[in-house]
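Two complexes come next, and they have one chain in common, subunit A, joined by subunit B in the first and subunit C in the second.
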Partner chain A sequence: MGSPLLEVLDLRAEFRTSRGRLPVVDGVSFTLDTGGGLAIVGESGSGKTATALSLMRLLPDPPGRITGGRVLLRGRDLLALPEEALTAVRGRELAMVFQEPATALNPVMSVGEQIAEAVVQHRGVARRRVRPLVLESLDQAGVPEPETYLGSYPHQLSGGLRQRVMIAIALACGPSVLIADEPTTALDVTVQDRLLDLLAYLRHHLGLALLLITHDLGVVARLVDRVAVMYAGQIVETAPVAVFFRGPAHPYSRGLLQAARLEAVGPESRARRGGRPRLEVIGGSVPDLADLPPGCRFAPRCRWAGGGGPCWREVPGLREVGPGHLARCRRPGVGP
Partner chain B sequence: MLALALRRLAGSIPVLLAVSVVTFTLLYIVPGDPVTALVGDRASPETIANLRRELGLDLPVHERYLAWLKRALSGDLGRSWVTGRPVARSIVARVPVTARLALTAFLVSSVVGLGVGVYSASRHGRPADHVVRLTLLLAGAVPVFVAATVAMYVFGVRLRVLPVSGLGDGSLRHFILPGLVLGVYLSIFQARMTRSVMLEIIRQDYIRTARAKGLPERVVIWRHAFRNALVSVITLLGGSLSNLLVGSVLTETIFNLPGIGRFTVDAAYARDFPAVMGCFLFQSVVFVLANTLVDLGYALADPRVRLG
Partner chain C sequence: MARAAGLPMAVAGALLLTLVALAAVAGPWLAPAHPDELSLAESLRPPGPGHPFGTDYFGRDVFSRVLYGARVSLAISLSAQLIALVVGVALGAAAGYFGGWVDGAVMRLVDVVMAFPDLLLAIGIAASLGPGVPSVLLALGLVGWPGLCRLVRGEVLALKERDFIDAARAIGAGDLWILRRHVLPNVAAPILIATTLGVGSRILQEASLSFLGLGVQPPAASWGSMVHHGLRWLSRAPWLVIFPGLAIAVAVLGSNLLGDGLRDILDPRLRD
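Our next item is the complex of A and B:
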């Protein structure tokens, strides 16, 4: 095996606010091979979206700023690239699909225009030759009768169709990595299902590497082969999907998984809450990034941390607990 | 599009009627007797009574209004009580002066105002943005007559490249200085508005999408952000244009240009009813036309308006 397609090393980003510098991404590392699939899972505010945006250097600045680490795409550090060289990578090699298709498309430009401009930008195709390429990417994204939608505007399309247009924009220049940030969260359950099928299809047939950002463990197994769980800006556990679902090592991951299983029992109650799993099985709430506990960030919510023990004093590192399985916990695998 | 324009224009007829009623009533209520204004305090009661009858002031106000309306509909706005000349002709004579001043100022303010606003927003929070904001603040604090005097001194007296004031032969050269001063003033306001509209839009998700596509920042700002800002900017431009077209009293006075603005103010001071009514009618028509243009602009700029 050669070097991985995408290698993220000790990525750090912060938000500068009136309450100080919040470490939203704190030493995140992972790799993604050609055609591979990785899901970053976590609650809102865990830093998963900030991680994804940092890879593309799209973190809103101000208040966000990348403060360290490297993002190597085929060995080239994207964080060190000048702005012009970066635009050649964005969209061309690294494409992104966002959570809200309703707001992520430009309301005053037609669907055809929005796809075509990416193609013109990256492939150097003349404007009048661009049409077949636009139609092809709409077709790949599963838009039926693409010709009829070229002149449409986003407000004329359904949510599912808008997200397919977003995917078509992402696919238009044949990227090698697709970052999908909660791609189905804003959609109806039935539409979600078909879009997940599409993403799985694209990964296997186009050889796209997929970085999936999600809070929903239910979609993970269908799309990717590795999971990384984020908590308060850090990766707390990473493992192959099969290993993870059989036996997560970090107490937080176990709580997430239990919550997801409770959800699976009552699908109608899940639909009612907009598909967002509530973590009934984990007491407390996510720590304030401006006021982090000195030791393990999960200690205040952890049943096994003990009162004032080492979990409260020392920051645990990511340690190997099995083949390809790392956990940021002093006592991995304890408990139920 | 044509249907939309016609619908808007048809809808504005009641507006124009309402404006004329309100203006007429206000003139009736407002203190100050037009007859005394014309002949002075010392005129004999008979002179005053004769003049009242001559001007139709002895009739009840609704009859006077209906008589005015009937003639106005046939294009006759009456004669000025002060000069005795037809009001319509006086207005028509002044329109070219005001229009040339307005268009010069409009051009300057649109290019400078929008350009500076967009630039400032695209450098949000950086030194260039701070410099622009401070400059706008300071420039906005200088009174227009000070700026005008300085401009006259520099370009007209020292450099001798432009005429200082007056209409001269009516060539465009005489409008450069006043147009520049007025335009720069207007652009301060437009730059501020454009900047804040752009800042709001730059935060939107679709701007992030445009960047994620790998478009250069210049394209992101102008093709994606500015096209969305246009809807608000068109309102701004429409308002500026109609304000300019009804006359800029201060600028016309300082640069001694016989435009609509000064004509309106002079008529109001003299209680010259026919002239005041004519001016208000002209202004209402300008506003209605400008608003129709703005509505058409919306439809062009925003497919959600155009296609529903």
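Our next item is the complex of A and C:
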């Protein structure tokens, strides 16, 4: 296999606020191979976006700060690089697609110019020779008749097209890793579907490694082959997609899956069963990062933690529960 | 609605300013006499044929002097506003974008400068440097930049949080590139408006300094110094004060109308 394309080791980042230092990313590790796909799943505030931003060293500072760990891209530690060397990596090796295409595009610059930016900066191409490259990346991003959109401004485009333009910008320099932060959240369901197809296509045909940040388990199975579930800044479970969907080990993962199924089952069928949900929801809410429980961070919401048992006292580590399957739980797989 | 009101305002302002600019550029061809030409026999003639704006104590043609004064007044106020623009935008953008100690230092400086009444500060600077065009330029430039600086800083501060700035950084853009390509073009409209309005203030301030004798020195004339020298003859020859005063009013009104009109036209909430 050789060494992985992207290897994140014990990444730590915190937000310094008036309420103390909040460990938004707390010892996150994962690897991504060339052409591989990993989804980081979690609720809002679980640290998934902070993890993505930390990889590119784009975490807003202040209040954010990366406090430890390593991000190895082809064996080179991005966290140790000087800022100037980093600009050569951003866009060229690691590209990012943001959640909200309406705000992630510059309103006063035409689509063509914005894509050209990336090309001019990284490939050292003269401005007048950029056009074919711009058209090519728009085409790759699935924009029909790219020529007609070169002079368009973002506000003239639909949400789906804007997101494709974002993807075109990301693709323009031929990166090896694409980080997509909730790429479909802001879009219509029908548009979402086609965009997911596009991401899957890019992964398989361009050999792009995909790091997908999402809270939607539904998109995970279609796009990636590995899942990492984040909770309160930590990865609580990571597994191959098939294993994860068949038998999640962490109670939180099981709750997420069940909540997703509940959504899929819909309110009518719930009503048919006498108004009682057949499936579980996770009670409570994400713990306050400024005031974390001393033991397992999920213990206060966990049905199996018991009152005052070891789950409440000792911080569980990630333990192997199957081949390539790790869970941060003392009692993996308990319960129904 | 405001957009519809803005256009005629801007056009009216632009027309007035064009009139003033025309006077400045074409002055030598339009003027019936050389502005410094003395003719004591024609001292203090009221407006009439041959001397549309009358003559002053030395028999100089006031119309010609107002035309030449446009040149002096416009050149000084535009240059001063340019100084204010460059300093204000550079410092404001740096303060807003980099934040931290840069922001602290720049904004404290702004606070200090703004703590003085504009005109008083300009008088102080011009007086301590001695009268003359360079000291007026410097004084007006120094008085003008803090407002722009605050405006630009505020806009940049808001802009910095926008996703497309992060997106630009994510494709490997450096700070200067982002400032030049992404930040400043997005602040262009408010800068344009503030600069246009600022020209009006500069014209007024230049006139005030010249009126106090701190601006251009005789025999050269700016509108302010003409009002200053005409004051002595106010009861006998009011035209000495009225016409340069009108010229000041027209120029200031023009730039204010243009600035306000542009504000309405460029208001992002009205953009389609």
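A few remarks follow.
Rule of thumb we're sticking to: the second predicted complex is superposed on the first by the 322 of 336 C-alpha atoms of A that agree within 3 Å, B and C clash if a C-alpha of one lies under 4 Å from a C-alpha of the other, contacts with A are read in each partner's own complex, and residues count from 1 in each chain.
We take it that a contact is a pair of C-beta atoms (placed from the backbone, for glycine too) under 8 Å apart; a residue touches a chain by one contact, two chains touch by 3 or more.
Because the structure is a prediction, the values reported are computed rather than measured.
Considered on the superposed subunit A, subunit B and subunit C are sterically incompatible, since they clash. Of the two partner chains, subunit B is the only one touched by A:Tyr153; subunit C is not. When the two structures are aligned on the shared chain, A:Pro132 is found in touch with neither subunit B nor subunit C.
Judged by the touch definition given at the top, the superposed model places A:Gly91 against both subunit B and subunit C.
Looking at the shared chain after the overlay, A:Gly307 reaches neither subunit B nor subunit C. Of the two partner chains placed around the shared chain by superposition, subunit B and subunit C are both touched by A:Glu117. Residues 56, 58, 84, 87-92, 95-96, 98, 100, 103-109, 117-118, 121-122, 166, 169, 173 of subunit A are contacted both by subunit B in one complex and by subunit C in the other. Against subunit A, the residues of subunit B that register as touching in their complex are 125, 203-206, 208-217, 219, 223-224, 227-228, 230, 301-304, 307. Within the complex, the subunit A residues that touch subunit C are 56, 58, 84, 87-92, 95-96, 98, 100, 103-109, 117-118, 121-122, 166, 169-170, 172-173.
Only residues 56, 58, 60, 62, 83-84, 86-92, 95-96, 98, 100, 103-110, 117-118, 121-122, 153, 155-156, 166, 169, 173 of subunit A touch subunit B when the two sit together in their complex.
Residues 162-164, 166-174, 177, 181-182, 185-186, 188 of subunit C touch subunit A in their complex.
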